[in-house]
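Two complexes are shown next, each including chain A; its partner changes from chain B in the first to chain C in the second.
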Partner chain A sequence: MGWDSVSFLLLLAFLVAGLCSHIMYMDKMHKRISVLSNIKVSKNRLYMGLSIPHGSNFNSVAISAWILFFIALAYLYFLTPAVFDRFNYFRLPVMASSPFGFLVFATWIFLLTVLVSAYLPRIYSFYEISKGFKTAILLPSPLLVISLLCSAYIGTIYPMFTSLTDLAWKASFLTLLISELVLLSPIFIGYAEVNR
Partner chain B sequence: MRGFVAILLILIYLSVIIAQGDVDIPVIPGGGGGSSSGGGGHSYTDIDNFIRQVESWKTNDPDRFDYLKTLFYKQNITTSKYVPPGVWMYFPSKNKTISRYDDVAIGALVQDDKNPLEIRRALYLTLEIQEPGDKSFKPAKTATQIIQVNEYDDKEKTSLRNFPEITSFSFLKQVGDVRLRVKATDGQNNYYSTIQSDDPAHGYYHELLLHVYNIPPQINNTTMSVSPNTAKWDDYIQYTASLEDQSRSQNEATIAGKEENSVQITLHIYNRSDEVFNITKPFLPADTISFSTKDANIFKEMDAGKNFSYRYSSTDGIKGGNNTTWTKLGYGPSIKPNPKIRVTDLKVSSEDNNYYWWQGYNFGLKAKSQAAEPVSFRVDLYTDTPAHPGRLIAAQTIIAPTNDSMDVLFKDMNPFDVADANQTFDYYFRYSVPDQNGLMYSYAIEGPKQINPKLIRYTLYSPIMVANILLIMGLALLGGIMIERRFYRRREG
Partner chain C sequence: MKLCIVGIGGCGGKLAANLLENQDTPLMGKSLGSYICFGGVKGMWLEADVQETSTQTFFKALDTRLDTYQPFYFIPHDALPSESRTSRLLQMKYGYDLKKQGFFRQAEFLKAIFEIFDIDREIQETAIEETSFDNPILRGTWANIRPYTTLAGTNDGRNSHGLCDGILFVISLGGGTGTGFINPITSYIRSERSAYPVFVLGVLTENGKDFQQNTEESKRDLSAVISMHDLLVEPRGKGIDGLIIVDNQILKQRFGGNYPFMDKFIYQSMKPMLAERHFPGEDPGSLAVRELFLENLNTPPILVPCYTRGKNGNPVEGLVKDALTNGRLFGCEPRKAEKIYIFARGFIDSKELQYAAAAQTELDPEKIAVWRNVGNNRSNEVLILLRNPYGSAEAFKHEGTVEHRLHRILTMALEYISENRDELLQAGMTERTNLALEAYFYGKKGLRDILTLALSRIEHGEKPIFQDPLNIFEVLDAEEYAEVKAISERSLEEGQVRAIVEELLKEKGLLKENHCTAL
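Entry: the complex of A and B
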């Protein structure tokens, strides 16, 4: 298994870790509130009680960031045959031959992940988010655009490899990883605090 | 004394003549030549006179002449105790149904247990046959076998004799029931084996009845071929095949003679399911069967463009049973259409030497009418790559002139897509009329270079790519706003 595949699994692992942290966070909160209030609280009521509005700007930016994250992830790993030879953009030659094939490809990824992208910011409403993080949530979008550009560059010159190719790949991966960590950080922080 | 000697000589002479049957005695003219020429002598003159006298009796007084013959006749049987030996057909095989080509051994068994050796006689055996369709027996084409007095088995007093000429019944021209019997002659008695009773357990028959069937000649289907399989109507075309079991056939031809055993082979030629031509030729069984357009004008100009099939029928002409076989249907030849156009200079070029998949490619050919007047026809351009085999790219209808070739160009074609990158390609044309080779298509020609492996046509900073990226960003932004408005604002409000 090459570094490409390992890095892909690493990104997936962080997503799974974020999901698990959130589930455990919600579980702990449920138990703690049940103990403190000495009554059995349903999870639905808990969700309603815990939900904190963070504002439409925050939500819009977060949703856009998650949309961009999935598109950038697909561009890094599924644009060229370098990582997944059997599943990539060029396996759909009509789309890949089109001048706006990149846009069509991104639209397909958007449609495939729209439910996930739309739901993830709702998770943020269960966490207390500082003003600092609300500012930090602006960071992933430009980082993900950089990742997208780096991946697009690799795709446009494929199968040629230059000294820039490797650098572009690393930059794309790092920006993707940082963006993911930033986007998942309220969950990790919330989980850490509830375990303190 | 002289008269006595003369009479004695006459008697001996007459006895020989009578023993030989009714033979004309030549008249020696004028007492000259013949026996009287060697020294003359009075006794010879008397004999001559006597001969003439006897001839005169024979003519003028036949009754008395016959009586005279009885006076001189001497019986060659010396005893009345002689009993004619028994004679049977001998055929030990239990199988009485045989083909014309089966090996057979036909024999005769003679048993002479009644006569002591002293009075035995030589026995002359003649095989007689009644072939299918015949009303009576006739002598078979075999030599008379002679059983000498000393050729009997000491114990059984029997003698077995084969008729070696009969090794099979391939000489029959009609199959069916064949009857065989033996005629025996000892010089005095003529009789047949039919007077005996059968002993099938030991292979003895008074009359041998065999059921002979025919195996008609059969062509080996796998040897059928026509060459060339695609040809012009006036090309030399040859059909070949071989008969089955040539070794058997060779034997037959060797034994029975070539003319008698030739096989009549008919070549039947079909267009669709209609027989349009047939030709028959005799072949010896060992020969390679061959028909060609030299034997006959099988195809005509009007056959151009048609597909033919063929098969053979073979017959040996034997009556009384199946004598004809048919082969399977063979396919070919396909007669090329008559040329209407002459096509040359097939070519392809790319915009530049990079041969990217997205580039425009120029294809072309030169065409000229082969007929007396201009020919209107359609040209289809095809490309062939592993990702897109046999892809129709473009078509155009043109009118080919008679005097000079005209260029037929397919300019700025985009026959490839990203899946063709890094692949070789072929191109070819199809025409609505036959070209100079009688074909409705050109041969596939390989492109001069492999298609460039580069996949994306645009650079990152090209307007198209910039537009792509900006639109993706816009999609994400718009998606975020729309989803937030649709799913979050109401909830949080």
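Entry: the complex of A and C
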């Protein structure tokens, strides 16, 4: 298994870890509050009480960042056959030969993941997020644009390899990884703290 | 509990700005949607000085207000037009300039203005002709606060969700604007809903001269005392429902006079009371909190806040002890508290909190109310409000008590009254006003007498300290006028001359401490 596949699994693993952390966080919150409360608490009621709005700016930036993340992930691993020979952009000759191919590809990914991306701010509403993080969430979007551009460069020159190809791949992966960790950090931090 | 934060004056505005800071992601100063404040609160700033409003950027001008909420400022006397007949009439009859920028630390200025609007039929009728309201300043102010409250929701058919179920006025005690707005607005509120909660967060001015405003401590203390007196003597159901009092002197010592830090700290300490994410069944409505604050009382209580933040996992006893010893925002003896109200953030057991507070204060746990919210999981926080933590005879002699602090400011205020008659009875006022002010400050049962009584109550450990409501404009007939004049002038002559002579003799070494002359 090459490093490309391992890196993809790493990114997926963080996503899954984030999802599991969130589920366990909600469960742990319910348990701790039930123990400390003097009344029986239903999960739905608790979740309603725990949810707080973070603001339209934050939600918009978060949704945009997650949409860009999924597109950047698809661009890095599914644009060329380098990682997944069977499932990639070049397996769709009509799209691959179109001057708007990349855009159409991105639009497909957007349509596949928009519901997930739109739901994610709801998950954030269960966490108390500091003003510092609300500013830090501005970081992933430009990083993901860099990732997209690097992956687009690799996809454009494919099947050629230049001295920049390796550098572009690493830059694309690193910016993707950093963005993912920033976007998942409230969940990981919340999970760690509720278990103290 | 969701409070409408109304900052009044310079200090109130700065504190309100912290409380109303937008919690959303900053996007070049713009908000795509709603403005989000901590705890879902809303609010505004009342300021009389146009200059102050132009040197800040946080609060927007009223005419820029959008359909969605954003904090804005309101200049109360803007309710009257520039060439106002009401204003001219008031100046002609009483000598007060309604359109004056700022109030120059005359705590009684606003008090006098609102009393005039209350009692003078001619002023009322002129105001109605001009603005359709008998008190346009008060009406205009309330008209801008009311839309954020549940009073607007229930009466106007709007959904009351997201509206505020109580008001928190934030002011400086000893500041320039004074608290003259608060009681009249509260009366207005009471006429609409008798039990609508109104609380005040008052920051007591620090010791020493204010070099920025070039004001001596005694003058600021007089202003503070007038403010506190007016707020604390109104009977239940007419006035405010609690005065949370912070001593700026304590914060100044803690933070080295760094005022932005001090404001941030006050905001931090209020968070447990304002935060959302309540434990089930522990989301107190402001009305419930009001009822508890006022339980068995006829007048509003003094509430001393004690705050601390500890690491998640710290023992509750340590947290409570730290709050009550190192976290007091006003010097007091916690054991003297009548009741305790605890707002806690974090995974803390409410019984542990109660017993920890009871152990520290020897108070029955039944007299300790606890409300919790989940907090940020990183640290536990407690805000403990002590109700009326004073009442010992001789306690005024010991630093760090409510009695000591209030004794100091009352003494300074009385000194100022005695030594600054000309300052208090300013030239340019009409005879009617000067007469009223003389009676107010120097008359029988005037402010000087009332404060002397209050001082005596402190020294004897009596509660409450302030008991006697006092108006500036009472009806005086000719006989009363002569009597007032005689009392104030006689006292002035005797007191002042005696003091001057004693001082001169001491300087020359001709007067020993037991006041016997050396010759």
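Before moving on, here are some points about what is shown:
Operating definition for what follows: the second predicted complex is superposed on the first by the 196 of 196 C-alpha atoms of A that agree within 3 Å, B and C clash if a C-alpha of one lies under 4 Å from a C-alpha of the other, contacts with A are read in each partner's own complex, and residues count from 1 in each chain.
Going forward, a residue touches a chain if its C-beta (ideal position, glycine included) is under 8 Å from a C-beta of that chain, and two chains touch if they have at least 3 such contacts.
It should be emphasised that the depicted structure is a prediction, and the values quoted were computed from it without experimental measurement.
Comparing chain B with chain C, more residues of chain A are touched by B. Of the two partner chains, neither chain B nor chain C is touched by A:86. Residue contacts after overlaying the shared chain place A:67 against chain B, while chain C stays out of touching range.
Of the two partner chains placed by superposition, chain B and chain C are both touched by A:53. Contact with chain B, but none with chain C, is seen for A:155 once the two complexes are overlaid on the shared chain.
53, 55-56, 60-61 are the residues of chain A that lie in the contact sets of both chain B and chain C, per the superposition on chain A. The touching residues of chain B, when paired with chain A in their complex, are 357-358, 387, 417-419, 422, 453-460, 464-465, 467-469, 471-473, 475-477, 479-481, 483-485, 487-489, 492.
The touching residues of chain C, when paired with chain A in their complex, are 22-27, 30-34, 36, 40, 276-283, 312-313, 347-350, 372, 374-378. Those residues of chain A that touch chain B in the shared complex are 53, 55-56, 59-65, 67-68, 71, 80, 90, 93-94, 96-97, 99-103, 106-107, 110, 114, 117-118, 121-122, 125, 141, 145, 148-149, 152-153, 155-160. Residues of chain A touching chain C in their complex: 29, 32-33, 36-39, 41, 45-46, 49-50, 52-58, 60-61, 128, 130-131, 134-135, 137-138, 190, 193-194, 196.
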